[in-house]
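Below are two complexes that have subunit A in common, paired first with subunit B and then with subunit C.
Let's turn to the complex of A and B:
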């Protein structure tokens, strides 16, 4: 399944795969500042420069110097200071699991990725992969491959239209499938190559390279939890769909695990530092995640974050998740979760609000009113104060 | 949400060149002073100025009115949303479900319902609630709330919504417009339009 990558790694190492464990090769020597070459690449850079100048002004960029510099620091710790200098990092307020890298050195890191990874090593694995695309000029390669493929199809369409034989049309249809299939396979091979480069960076760094496989294992577990909660079939992670842009997740987890340097497993993965750096943003990113209305996925993420211990913020997020789904059973659970948040942090304003609303909706208006009054006393300037007061006054009038 | 609808509209318009008179593609003129029913819900409005109603509706209970195009000023009426229904049509009921209006939804939670719908439908994180206060809609006690969000097009939009729950159904009208220029320009027309809304039981 991951033969091509292992073979590539074996070839680069110059030793047969069967004689010793094959791990990803270390990064090649740095060739200096990366500059565009040729008219195609110059064009791509110009487009990217324009896109970046819009990005720099975008509201979607998280304006937190400390966070951005921390994320860049993690990238630098993987790829080295020299390479790192050619990258500008932008943390995007986007709740999906993603990061991208443009040909001109613009790296977009989505907040959904920051919520999902658990350590500096896991983050570095993804950022190193993206840097691999940049270093190997994959966008340019894809552009050229796409142009050649569509050129071929254009000429074939002209020739097929000149031939009235139905076999010519069938052949054209076959050719179309073949060309598009090749382009998509080319993309997947680019991804495999970027994975190989990314794990090579991790092997050569001071971070734990085994983290790369964990990223995909966690992603599969989350996807499965999401599908189960929605009553969908168990997703397959081992199949390559015709239109797939990336290799299947199970394949990636397997070859990344195999390519990781075994001696690296004793290294620090930077989980403690990562948690500290994300502490300020975790409630915001969790709120964004809950807003996606993906109950199973969000529940999985909250529980995995709680593996290091439940905090008031995590109990609160779980309460919000259950209250948003809103069945009577959910609301009773939500009230319990908010209460646990308050136990840990008396002054958690929003937990008092959530508790009050959940209690009101589950037939406990007196307790609900009390919780809502606590909310208002803790947050006298609450932006929904008048609505909450209206609700509590209506509860007073309700006969008990 | 609106971007997708616009894209579908463009595709539909291109596909309709062979049938220029196709009535399903025509947006409807809403002439000043006349009375128009919203989504067959028994709610009528008599616009104080001319508006356009988009033919492509966001959902069974919703319809969109605009002055200059939905990207610039978008009034969406959600009329008579039933218990168990989402505010707008789900793209994929199983894989991308939207929050639903439930029998337990409190008036104070209606802003969260709209926020949840925007976040889930648009897959965005940049949404900020700016507060809610008691108000009235269709002559019933309700809630008025304001918010801001940044859509996939990167434009920061402001919004105001008025809602009420009447006979276990949700009635709401929202106005979204780019924060720069268009919100201030259009919010007065939106509020004036709402004052004419009446519900026939």
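Let's turn to the complex of A and C:
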């Protein structure tokens, strides 16, 4: 049963020349919706059921049927309708790059993931990986491994403290490091297995499997842009840190690329459909991203979204990003970006507001006042109407 | 010496010991609050969240589906039985849906967080916040969920809300063995099992916490009918306006 998996896993370790030939195996025949077995799994499911019913009543969940069923559809297109039936998808309004799958079949897809992937194939790569965790019962395995590890350490701690010899303390320290190290390594191996299963789904689907590697390439580029804007050292993507929960990104990009079916590269990646499905939510997801105060990362994301052409929404988001950082030169740029947004879409209400506020602070109060007035005439019911009116009236009272 | 302290601290960490005090205050009533028995006030009860499991040797919570299900059933039955003796009209919270359900969920979580804060920063003597030290001397118990509680479903037709939480982790055999060995050998106190519970009464006009009874070392095995009754009795101990001798009467009435 594990034959093909082991073979492909061996390929991961093999020389690059060999890996090119071996692609991920197609998914094994589906064994049907599985039910929890044994005390531990039953317990985890029960706890998870509880947490899912809380999730169903959480305000973090994006309540948009069309969006949710679209995301579910993308998952189904990768793993097949049969497997897909055991999953409930919840789109969470959370700007980080993540998706999770818990033991009972609850899939949480973060809006930060939806903002970062560019096509159905890329989304399917991540969701297929998560489904792999579910199909292989990884949460249960991790729970058991964690339990045995901490059991061992507890006994060792008690025994070591009964021995006054410093060597006993040292070996306890060593044991602690090696137990935690092996637990973390176990996690990373789970991730590799899920990657392998995920790419297997993509190979067998009608989506382009090469997208999986692209997800990680884009993520590395974003992380680099973010580090650069903060003045940090260039991040390393090839090293495994002791506490790392996942394999390094460069490794993942490389083996995912190698495991993708070469013939699949001519398939559609569904980028156009994806863009259309996200259009309604893009401004919201971008707003949340800008709120993260990650200038480099946000700028990278906006620019990569604009690779398909700048829209009023993207110019506006860029204006908001620069205005939020708020130095004088940022405000001058921001005004420029808002103006471009208005050029493309006269009625972009918030762009008029941003333009006005930026101009007011950069020595152009009369133009700023005009922009703010057009903001208020476009949105007479605006929440901040009084504040804006106060601002504009103070501008008239002090003639320059 | 320092080295020894560090080592002990590391051991405690490895054993997953908590720093909660063994003996601490468990209950408080808001200053000036009094609820007379039979005063005809209406109290909404929000059904308790119950989770039951075991505690592994290393201190991990091991959820147990069967125990949780049993405990939930036992606790609900025990609660229904005790309600009659609380001295005022007890109403079950209406089944909420949509936005109302979201609101209930938020307030359940908020109550959990606030009662946790009360336990940590007022009941636990050694960890009292400066303001709470002062409050405690003056007999002041001042915590609130905010006036937003007015929007809870059913709040308009009631005066108070009763919130309950409960979490049990029974020490596994391994944990108990570890406890014994640690006590006999290096004389380290390892806690086996964790039994947290609390009940609080909230004013549905102001959101103020009127009464809280919270204990992180509760008695009664909730997996059994008798144990669950004992637990519920402990949870509702000192409930304002309850009839002091009601418990045996309730049993007799059965």
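Here is the rule we go by: the second predicted complex is superposed on the first by the 380 of 400 C-alpha atoms of A that agree within 3 Å, B and C clash if a C-alpha of one lies under 4 Å from a C-alpha of the other, contacts with A are read in each partner's own complex, and residues count from 1 in each chain.
In the analysis below, a residue touches a chain if its C-beta (ideal position, glycine included) is under 8 Å from a C-beta of that chain, and two chains touch if they have at least 3 such contacts.
Every value quoted in this text rests on a predicted model; they were computed, and no experiment measured them.
By the touch criterion defined above, A:361 lies against subunit B but remains apart from subunit C after alignment on the C-alpha atoms of chain A. Of the two partner chains placed around the shared chain by superposition, subunit C is the only one that A:43 touches, whereas subunit B remains out of contact.
In the superposition on chain A, A:58 makes contact with both subunit B and subunit C. In the superposition on chain A, A:370 contacts neither subunit B nor subunit C. In the superposition on chain A, contact of A:232 is made with subunit B only, not with subunit C. Once the two complexes are overlaid on the shared chain, A:246 sits clear of subunit B and of subunit C alike.
Counting contacts as defined above, subunit A residues 54, 58-59 meet subunit B in one complex and subunit C in the other.
Put simply, subunit B touches subunit A in their complex at residues 94-100, 102, 104-109, 111-112, 115-116, 119-120, 123-127, 129-134, 143, 150, 154, 156.
Interface residues of subunit A, counted against subunit C in their complex, comprise 36, 39-40, 42-47, 50, 54, 57-59, 143, 146-147, 149-162, 169, 176. Only residues 7-8, 11, 14-16, 49, 51, 53, 56-60, 62-66, 68-69, 101-102, 104-106, 174, 178, 181-182, 185-186, 188, 190 of subunit C touch subunit A when the two sit together in their complex. Looking at the complex, you find that subunit A touches subunit B at residues 54, 58-60, 93-96, 111, 230-232, 285, 288, 291-293, 324, 326, 328, 331, 357, 360-361, 383-384, 386-388, 390-391.
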